[in-house]
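Naming follows writing order (A, B, C and D), and every chain is counted from residue 1.
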Amino acid sequence: MTKAVSRTDPAPAGTPALKLTGITKTFGSVTAVKNVSLEIPRNQVIGLIGENGAGKSTLLKILSGLHEPDAGVMEVHGAAVKFRRPQDAVAAGFGVVHQEQSLLTNLSVAENIAMNALSSKDNATRGGWYRWGQLNKEAEKILAKVGATVDPRAIIGDLSFVDRQMVEIARALRVDEMTHTAPIVILDEPTSVLERNETAILEREIAELKHVGSVIFVSHRLDEVRRICDRIIVMRSGEIVADRATEGVTEDELFQLMIGHAAKARKHEVQNRQGGEPLLEVSGLSAKGQFKDVSFAVPPGHCLAIVGTIGSGREELVRALFGAEPFDAGTITYQGSRLQSWSAARATRAGIGYVPAERKTEGMVGGFNGPENMAIARTGTRKLFVNPWRERKDGAQWFETMDVRPRDVKLHLSRFSGGNQQKVVMAKWLKSETLKLLILDHPLRGLDPGAAETVNEKIREARDSGTAIVLLADTLEEALDMGDTVLVMRDGEITAHFDLTVDTPTTLDLLEKMV
Amino acid sequence: MANPVTQQPPGSSLGTPSPAATRHRRFELRSLGEVGALVVLIVVFAALNPSTFLTIDNVRTILDQSATPLIVGVGATLVILMGSIDLSVEGLMGAGGMAFILATENSRGSTDLGAAAFVIGILVGALLGMLAGLIHTRLKVPTFIVTIGFWFIGLGIATVLFGTDSIPLLPDGGLKTWPNTVFLGLPFSFWLAGLIVALGWVITRYTKLGRFTYAIGNNEEVARSNGVSVSRIKVFVFAFAGACSGLAGILATLRLGAGSPTVGGGILFVTVAAVVIGGTSLSGGKGGVLRTMLGVMILTVLNNGLILSGVSSSIQSGVSGAILIVAIIVAAWPLRSRLRITK
Amino acid sequence: MSDRTATDQSARPENSVRSVDVAPAPAADRRRWRVIDLWATVGPLTVFVILFALVAILRPAFLGGGGLSIVATQCTAILLVALGQCLVLNVGSIDLSNAAIALFSAILLAKTIGPAGAGGLVLVIVLGAAIGALNGFLVSFFQVPSFALTLGTLGILQTASLIISDKTTVYAAKSALLTPMFGSAIGGLVTAFWTAVIIAIVLWAMLRFTTLGQSMTAVGLNETGALFSGIRTRATKIIAFMFSGLLASIAGVMIIAQAGSASSTGLGSDLLLPGITAAIVGGTAITGGITNPINVVFGALTVTLIPVGTAAIGIPSEAQSLVYGLVIIIAVALTISRKRVGVVK
Amino acid sequence: AGGGSGSQEAIDPNNLVLVASVINTTNPYMASMIEGAQALGKKLGVEVQIVDSAGSSQTEISKIQAILAQGKKVALMVNTVASSDAPTIVDAVKQAGGYVVVWWNKPDNLEPWDVGNNFVAFQKYSGVESGECTGKALAESLGGKGNVIGLAGVEDSTTSQTRVAGFKEALKAYPDIKLLDVQSANWDPQQGLSVTQSLLTKYPDQVDGIWAADDAMIIGATNAAKNAGQYNDIKFVSDGLYPPVVDMMKEPNSPVVGETFHRGFMASSIGLYTAYLAATGKIDPSTLPQEKRDSLFKLQCVGPNDFEQYTKWDNDVDGWVSQLVDGGDPWNVQPTPLVGQGPEQLPAG
């Protein structure tokens, strides 16, 4: 509160921190945000939810000066504003964490934190001169606030993904140092890449912020939203379809509002397929500084879920399985034969599919349209020729099955919203009859519950039709929900192995093995 | 792509940082590989030509010969740091050099504006560079092509200025002797180059312009979403590079004592090779002017050494080429990783 | 699954979905995109036609005097080099050495075609492909930037050419194998040119209808993405470079067919920049992933036409390089693919 | 030889265009060639077009073809970028029914009389003679004793090669003259500067004389010597007697001790005029003696005492050209009459 008092602010009490009227934004054939009006009072945390492609990110990009709206009026603390450049938004007191990380990996933490503030009145880089000492000091202060233990001199490229996310957040919170108005902090799916313990820190920080300004918080994890937010706004098809106080809305209601139908109760049936000749057998697998002495077996039609905090080495492990990263000891046996000189290409031809967590950079070719993206993953026999017309037909089919929106097979994949991109990435593997093993690294990251349901549906179908699954789940619940077996990893080693047909661990059991 | 995406080295996409990333932060002169290469060359040539290579005179010769590529190299480095490329240097040197000599006292007696002539030469370069930058940013034409275009435009301007009269010559003494006049043991030409390198270093290390240059090279869209006015920076940098070329043109003209549109002949190969050998990445965002200085030194020493060792001039391009290849392979070896992308 | 879609639609009326997602685009906007698409395909042709018409109007005799056939003859070598370049650019790399390969091949062929005849031809082409493949191998396995690596190869090949030519002009024995190339013409344009055009069409089909071609484009658009889709990215790049070397050596053959001799400063000693420029004027994106070999044909024709045109019109020789520079920039500004907005480097 | 083959009806001058094709427009030698062509055009009252090859055979050939395509009949003088261009160009001109005189480079086995009347003649100054005369001058000025270095032109340039050969031949007569090094400076003043700079440090205080295949390079060399403060301790010789070199020679006891005199404007106007005569039917190439179709012209050895007398030509190009035209005989004009028949032979050994 103390901070709040110290602020001099022109607007009479009661004027909303932010007031939008009739905001509209169209991209080519898509109206991403349609005539949105809303008021956000001071000192409130707003939850913004909606299915993939609902227009959340676009709306937030308008608020942060990345897009100019086609129509509509923005008022900040009672004064009408127009943002032409991100700096304008910063100057007006907006701090943003974008859905995709927007850090410059070759610059230092401190520089990145200072970055989009450079144009505003700010000492460390006044007159275009860098005063490094001061720059680093300021960064230190801010990082401390978020409880991040990152060296401000460190180069972003050297940091772990979580640390980077923390820097992003720290940078967003920076506005309340800089501007003299109450800040409005925008967080677009900041938690989708965080594990529990990191999320906790963020929640505390948001609570802090509430005292000085307002927060807009986007997430697909409804429990989280209800925990953190005072008020929840639901978007659908670019419009606001609901605006509720958190008290007295249940997750199911929210789900209903977002997707337009009730969530199907998912009964969790675990089959025991432990019999059967294992499809994949890993023994004593080790890679220096990443994971060591990992052993397990996956029979066909079986789902193995691996949980662990970031840095537990599970990502590296599955990448090694796919031949994308090297391992220096141990053996992988696939379909009874031991793998030599393994590579992603060989793996693919042998019927292994991999859905990376880094969707935009690794999972897809943004410059290709949906069908082309599906076509380039060629499991099984090697073809010599492609038939574009055929590709497009099959593609359209899968757009239907996966409910990809928009159903535009010509549109570059980069133009779709994250959730819909993910559906295409899944389809590219699921389409193949010869798929034997599917490795999923955070397959639901950034997906709305509806889309998540579709994807999980598909994963189950694949599993039931005999495809083995290795799953790195987003949440422990998900792991327990999907897995037949759950492995827990910590610091590159397996710390627990639960066969869900016999034992029924709680998320807490898993958690304690993780940290 | 619609939304800014952080292109992280895929190796480090999650969790542990990739070795690549950690290596890249090694700053400027701490690039021992290049220093080593230079030392080796010096030792080898000193051994081959004990009586001539390490003499004061030859050292001065090497420094004097390195001056022009150094000056051009500073501009080129900034451009390449943005992930762009500048192929116009030879043309701009020609234009700047001709403009200079025609504006100063010369055998054609065109005019004599004294010191203003220097300003004119540099301005011509800067102006052409700025135009290139504007065309690139406004019309979205790749720098590769824009600068090829300005190579010919610069050459064209120089040729038109040159006309069909006799060669413009500088009078003996005075200006002409300046580059080789020794000051504190080193030729002025090198002091000038050193000054420009220092300027370049300060810019890249301590100014918004410089830091934003790195930002743009790392990821233009992210830079933009971070509030970097990409187009403005680009135009500035190209203008600066143009000015460097102009100045280099002047220096080359002074050393030659005569005006010639092709005064920059062959400089492009040297500078680009030098920037790369120095370890500045052509994809942008990594490297720096001090590295380029190393690269220039390696190539100049190599060239001078080969001549002293009596190597036929016809195989010198071959040797430089081989060295270039070895240099980049050695530099890339420790960074090897299946997931590392190089264009 | 089917029932899921069912509930979906029952819950959310058809139009509400469509209205966001696949809403019929505003007519104007649709037209805009169609225009951009159209231009991407006919731009290079149009630009060439306009420039050619310009020259013909200012100097009508140019048409009568077979201006087009001159341009076609002179652009053959450039076109072949440019086709190789556009493949390499398409995988996101660049090959600065292919022009040098062309000249090297020419000199080698001049020396060998007398004694070895067709054997010499084969040798030269195989060697060219091999050098290209070596470039590709070094680029993809040592992970060095192609720009720098091929700059090095360029230097080495220049020296190699000087040495095997013994620093003089090498004259090729007359060979029945080559004379038809420039000796005969179809529709007024030399056979050599048509040969190159056919190669262009084949390459176009390769990119569009083979998995190899699709993989190349994927690599050019996003190499990591391609890798994780199981594409053999390294092999793909090597093949692209190999093509570049192969086409370059064919260009070398054409040089001998045209001039009957070669020297390291003679015909073909300056194909590099014209080659790259032709590829880009032909709509190839220097950032990779976008190219159309058939349009590169018009790119090459344009690049050749400019100096010829300036001479034909009679622009003073001092001003010609100035004009060349300007026109090249304008041509590219007109033909560059505006399809994928975003970063231009 | 298939002499009379070419079509031999006279072309009306109004339907004729004189074309001079040069390697570039910036090299003083080339600039002078352009000057001569224009002077001739003025004198004859015929349109002149200049082709700038910009150092590229590709550009050279296509531009020439473009001009042939303009419709008018062409009388062409071409200083080929590389000798290998000659056959292609000659063919093109023959096809178009024009007339061509090639200067400086052609394959030895490509002879005008084999081609026919359209290939009127090949003309050049003897490179060997040039090298011998400047080599001798250098050796003499050093009293037959000392160390010298040489700067060659483009590596695969026959002109450069013949001049170097002549230079070495001349030195044979002076056993005490040591040729330390010959490096290529590509006809380029800039490279002339840096190569000399390096050689002077390679042989500290040992170089007594510098020979260059062309004045463009000696301009660089002299400046390198000045920068190294050795200008007055070294003797210089070179080919071309460019105006800047004349100025150097004007200096009291100038270190520039030997030159050859031949002029671009003389070469180009002689060449063009020859082609013009054939085109307008004033001469019938097939009836000319072979030495008039593959010709070596006289170049003058120039020393410190007599160079002044050659400068007069530069101040009066038009005068010289009208003297050429009035004389009506391109093979007999002072100071460069016809002296021999090509192809030029390299000295044995």
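Convention: contacts are C-beta pairs under 8 Å (C-beta built on N, C-alpha and C of every residue); 3 or more make two chains touch, one makes a residue touch a chain.
All figures in this text were calculated on a predicted structure; none of them were measured in a lab.
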Chain pair with more C-beta contacts, B-C versus B-D: B-C
For subunit B paired with subunit D, centre-to-centre distance based on mean C-alpha positions, whole Å: 36
Rounded Å distance between subunit A and subunit D, as computed from the means of their C-alpha atoms: 73
Centroid distance [mean C-alpha coordinates] between subunit C and subunit B, Å: 29
Whole-Å separation of chain centres (CA-atom averages), subunit A against subunit B: 42
Overlap residues in subunit D, where contacts from two or more other chains coincide: 25, 34, 155
Contacts with two or more other chains, residues of subunit B listed in rising order: 1, 10, 159, 162, 164, 314, 338-339
Residues of subunit C touching at least two other chains: 162, 167, 224, 227, 318, 320-321
Touching pairs - complete list by chain label: A-B, A-C, B-C, B-D, C-D
Complex contacts: residues of subunit C adjacent to subunit B: 92-94, 138-139, 142-149, 151-156, 158-160, 162-163, 167, 223-224, 227, 273, 276-277, 280, 286-288, 318-326, 328-329, 332-333, 336, 338, 342-345
Complex contacts: residues of subunit D adjacent to subunit C: 25, 34, 49-52, 54-59, 61-63, 65-72, 81-85, 87-88, 96, 107, 109, 154-158, 161
Residue ranges of subunit B touching subunit D (in the complex, touch as defined): 49, 52, 55, 57-58, 61, 64-65, 107, 158-159, 162, 164, 166-167, 169, 172, 176-177, 179-180, 252, 255-258, 260-263, 265-266, 303-304, 307-308, 310, 313-314
Subunit C to subunit D touching residues, read off their complex: 59, 61-62, 64-67, 70-71, 73-74, 77-78, 162, 165, 167-169, 171, 258-271, 274, 304, 307-309, 311-312, 314, 316-318, 320-321
Of all residues in subunit C, those that touch subunit A in their complex: 1, 4-5, 7-8, 10-12, 16-17, 19-26, 29-30, 33, 208-215, 217-218, 221-222, 224-232, 289, 340
